[in-house]
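Letters A, B, C and D mark the chains in the order given here, with residues in each chain numbered from 1 onward.
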Amino acid sequence: MHDILEQLSICVERGKVDIKSPFPADMKGREGADELTRKAIENKIPASKILNDALMTGMQRIGEKFGQGKAFIPDLLIAAKAMNAAMEHLKPFFESGEAKHKGKIIMGTVSGDLHDIGKNIVKMVLKGSGWDVIDLGVDVSSQKFIDALAEHPGSYVGLSALLTTTMLHMQDTTQVIKDTYPGTKVFVGGAPLSQEFCDKIGADGYFRDPQSFAKYLSGIVQ
Amino acid sequence: MKKFNSLAISNADDLIFGNAQNPVKCGNGMVIGDGVVFPEINFTLPSIKISGETWKEVLQQYREIADNISRRARALKAPGFVVEFEQLPPMTQNPQMGAEITEILKNALNQLYQNDGIKNALRVTVVDLRDADRPPQLRDGNACHQTLSAFELSAQAGADILSIESVGGKEIHDQALMYADLKGIIASLGILAYRDVSWLWQQIKTITNRYNIIAGGDTACGFANTAMQLAGQGMLPDILAALVRAASVPRSLAAYENGAIGPSKDCAYEGPYIKAITGTPISMEGKSSCCAHFSPLGNIAAAAADLWSNESVQNVRLLSGNAPEVFYELLEYDCRLFNTATKHNTQRQLRELFVQSDIRQNIQALMLEPETVLKISRAIVEQTGGYNQTLAAAKTAFHCMQQAADSGLVHLSEIESSWFLKLKQELDEVPVLEDEALNWLYENYGSLFIPESYNLKNLV
Amino acid sequence: MKKFNSLAISNADDLIFGNAQNPVKCGNGMVIGDGVVFPEINFTLPSIKISGETWKEVLQQYREIADNISRRARALKAPGFVVEFEQLPPMTQNPQMGAEITEILKNALNQLYQNDGIKNALRVTVVDLRDADRPPQLRDGNACHQTLSAFELSAQAGADILSIESVGGKEIHDQALMYADLKGIIASLGILAYRDVSWLWQQIKTITNRYNIIAGGDTACGFANTAMQLAGQGMLPDILAALVRAASVPRSLAAYENGAIGPSKDCAYEGPYIKAITGTPISMEGKSSCCAHFSPLGNIAAAAADLWSNESVQNVRLLSGNAPEVFYELLEYDCRLFNTATKHNTQRQLRELFVQSDIRQNIQALMLEPETVLKISRAIVEQTGGYNQTLAAAKTAFHCMQQAADSGLVHLSEIESSWFLKLKQELDEVPVLEDEALNWLYENYGSLFIPESYNLKNLV
Amino acid sequence: MHDILEQLSICVERGKVDIKSPFPADMKGREGADELTRKAIENKIPASKILNDALMTGMQRIGEKFGQGKAFIPDLLIAAKAMNAAMEHLKPFFESGEAKHKGKIIMGTVSGDLHDIGKNIVKMVLKGSGWDVIDLGVDVSSQKFIDALAEHPGSYVGLSALLTTTMLHMQDTTQVIKDTYPGTKVFVGGAPLSQEFCDKIGADGYFRDPQSFAKYLSGIVQ
């Protein structure tokens, strides 16, 4: 593989945005994702090759490390920053200016519930593994999910709840979604949930953490 | 406003369970922090929607919980306990709902005291509804008024102690935490959260004064416990969670500067700091709150507890009985152990066992080790103002962690070590001056908060 | 058959948690009773019917439990633990069902050991199906054969330790208990139960020998814990429950006379006696088994534990996680405390706190107090034969209670006191000779049991 | 009230069967329920008066004490023994030879479950408070309950279960009973149960202990 691409993938993996960025300490003063992408383009490496062989590779590596407990959320986010810096240069080469997405997922914390940290993490991890996530925020009514599905037909839906008293809203929400858009897959998560509860309310899957959710989703699109 | 310039407890030996410099009398014959550790039993609804239709059933749930706990207390010949009623959002949104439940619990507790002489007190924690909007409006608007009115009605309905898990500054902190952005973390805790807690507790204090009841305390749950949870799930470094723990102390201390007198709130693991600085009795949760969350601090959390809590458990059936009475029994046995040690004058040895059993396992435990607590507390009282205190707490915490790692007391994994270096570097770059930090906040997170919510001028 | 004529532990100081004279090696690197207390985590199905249709789901439940516990063990950097798989009736009736679950659990444990070095062992407890018929046929018949075959298949499937809660004699004891009939209680325990346990453990021992695994131990659960439960519900006097506890020791000891080597079964509160007499490591349950039953022995039960158990909890969801992993975490923290004390050489002080915290609260606790345990154990080993031992245990227990009441250590309520007198009188009338007692059994309970089940001749 | 009756009620309450019975110690050597009932009859006190004013009164007093935690199960049983001794003399005076019962209750531990101590206690307490209890034992199939109802029409039913895996049999059993004999009241109890579970399976009442069950039953027959 091209040396520049290898270096670039490392910059993404380790979150080295540009030459000025202080992290990681051992790469201080060296060129980052920004500079290396420019160089790669100058070297006439095809944009799709840069994207796939360097940027995606780097993201994938940090994602795997995260899955193995060898990286944290901030590592993912910083890698994403480096990736974004690189993408700025690649945008003109892609029609839509965006990398190809695996699909769309509409996410939200259900009605009455304001806990969103878990949901946000799921969002991040899914984004990191190539999904287009539409985040409806917290305290989201069934109607809002329906509206979002109207706007983004064929999306998957992910519901989050952290309270024993709001998790039951997942039931109506799932019901309404399935009634209005039959065939829509609805996934659920959040600390008080269980597989049993998921089965009871007729949702299509429960996941305890974003990693297993992402793995499952990758499975169904392949 | 009270200022704490020195430590109420300056010798680590005295930072111990059951004893606080300023015990709190409340409820039915309760005295907290005067030599005896009592259970603080918390509970919540099982999976059930709260609505007009289910309201009778909801009340029945709380009645059942109160009955079951009372029966257990009698069976165990308990000397006393505190009940925490932690409201759920609809109960604060409709404060008369929260009040109705408060009354049910209070009546049961009064009866228990009258018939069986078992001392007790009722803490009511209302939901901080202000968290609902982004950016949140903290000093005005519907959510704020409902929240304050819930305090008022709870007091009227028989609450002995009022508490809240307040959320000012969290709109920034949530984000900063994800990026491990120390500048954002310290500024949101030290400037924003500090200001909000100060204001909020002045409001609460006027209510508790009116009803002659107790202003308990606040908790950095949404900040430091979130970080702890995330570290527990492998999402954030433990050292970051430890740092946030220490950095959240000044923000919670602000409640005591503005009239709170304890018992502090169970999920506030900053309790030992509050006790060291103010002499206030504290409520702590540890291994016996496993029903509510996993923890790297199960034993060490007990070291300085005056109330010992299970944090929360749903009213579901286990083999022996319903979960609230089950966990009540567990707490009671834990407390028997604490109090027997005190009676036999071996409380320091027992405390040492609690400390030593966790300290090597996870660096977050270091933040609750008595000497470390005192070191960081000292650094805090030497500063004035929330921001300076927060920065000092973080720096001292970092220093303590460094020492612990260097001395081999704690072993850091490879990624923890690499994050250690990263955070060290970042900490050096955090602005020393509050104004500078504030400007930085405006620049980097300006769109996420409303300056008026903190009585700050809008810089733009 | 082994005879125990003297005590393995004759000094109360040595009857302490974590240390047994004859540690047991088993499973994946486990050594029990060699200085460290480990958790023994137990669990059961939530409300679910066991049938062909639900079988997949049942297996999935056990898989989930094993995964969750493993994750917790890793998160807590646990040194090791024992899992008890307590079968439910259909799993013993269809032994291949029990074996399938045993295999799932064993595989998970093997993996945990290989990947993370966490030591572990699997105890399988089968159901004593012989209890199904009245009068029960104990040495023959379908129920007996199924029970024994369940042992065999569990061993084949990977069990490291086998146990049972055997029921011989219970057909009389259940009734005698209700009438507080001491003659019936002592004869059913000392003659019938003793004979059945002896026979049964010879059978089990041939199986464990064949597979080179461990014959764990039996429990008087159906006798003494039933009495404890009934006393807890106000149905029987505490002093009677205490008496039954002591009187059940010889019957459980018979397992060790016939090849069991421990760890004893968690719900056998006669464990400390077994340890004192035989030097066998024991499993105990106390405050952290609150999920399974309430108890007047929450702390004192820990005094001599080598494994520390939660008895059993359904796989239901709590706020933090599923109940089995929740209680696993709780046990782990308890064990950290025990083991830290041992490391700091303050285990005796800690044990003293456990003892002192319960001893004044309920007379049942007295039966677990180390000096009392030794006194009664001594009375037992001085006798030969199950009946003589049982009567001696009961009399000595009564004597100890009398002393405790007289000295004011324990306060007896008015009805307890009046029952105390009644039982004292009755105890004096219990036949001293086994033959006489047996005749009395035939006369009074003859229709309720089958002499052949105990290899007794039918007198009529 | 007649002095003999007062004494007799005390004998029943305290379980003094006859002059030879050693309990209670402070009544040793004194006449018991046996002798005093004979005397009462000799004194021409009407049998119904003896039954109501002495025997029932004694049983009621011990029952109340039990309810207040001032007596134990063996106290109840011993009182019942004294009562039975007295009844031997009264039998000829009653048509059926039995005291008037409040009603019939069929009880059993459900299929697959062998725990019977709890059920037996419930039985005793109900008997003690005047109910006719038909005990079907343990491991009782739905069919057996139906058969018993055929034999004892109009009875109440009490189901007991101690295992999380057998409590679900209460559902079918309740169902079958209600289908076959509509209007039959089915009550449930046992350690793992809850009101919620009772509601779910459509039973008519859950009670945590026999005392509250007995109190409730007395309520519905009045």
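To be clear about the criterion, a contact is a pair of C-beta atoms (placed from the backbone, for glycine too) under 8 Å apart; a residue touches a chain by one contact, two chains touch by 3 or more.
Worth saying up front: this structure is predicted, and the values here are computed from it rather than measured.
Trainee: Which chain's centre, taken as the mean of its Cα atoms, is farthest from the centre of chain D?
Mentor: Max centre-to-centre separation from chain D belongs to A.
Trainee: Any idea how many Å lie between the Cα centroids of chain B and chain D?
Mentor: So the centre of chain B lies 52 Å away from the centre of chain D.
Trainee: Based only on mean CA positions, could you tell me how far chain A sits from chain D in angstrom?
Mentor: Taking the mean C-alpha position of each chain, the two centres sit 65 Å apart.
Trainee: Whole-Å distance, chain B centre to chain C centre, using C-alpha means?
Mentor: Whole-Å distance between the two chain centres: 40.
Trainee: Using the touch definition from the top, which residues of chain B touch two or more other chains?
Mentor: Those would be 44, 46, 314, 319-320.
Trainee: What parts of chain A, by residue number, touch at least two of the other chains?
Mentor: Only 164, 192, 197 qualify.
Trainee: Among line, ring, star, complete and other, which best matches the way these chains touch?
Mentor: Other.
Trainee: Would you please name all pairs of chains that touch?
Mentor: Touching chain pairs, listed by label, come out as A-B, A-C, B-C, B-D, C-D.
Trainee: Flag every residue of chain D that touches chain B in the complex, lowest number first.
Mentor: Counting only chain D, the residues touching chain B are 164, 191-197.
Trainee: Write out the stretch or stretches of chain B touching chain D in their complex.
Mentor: 46, 64, 317, 319-320, 322
Trainee: Sort out for me which residues of chain C touch chain B in the complex.
Mentor: 44, 72, 75-77, 232, 286-288, 290-295, 298-299, 312-314, 316, 318-321, 323, 326-327, 329-330, 332-334, 336-337, 339-341, 343-344, 346, 349-350, 352-354, 356-358, 361
Trainee: Name, in rising order, each residue of chain A that touches chain B in their complex.
Mentor: 22-25, 69-74, 77-78, 112-114, 116-117, 120-121, 124, 137-139, 163-169, 192, 197, 209
Trainee: Provide the residue numbers of chain B that touch chain A in the complex, in ascending order.
Mentor: Residue list for chain B touching chain A: 44-50, 88-90, 131-132, 134, 174, 178-180, 226, 230, 233-237, 314, 414-415, 418-419, 421-422, 425.
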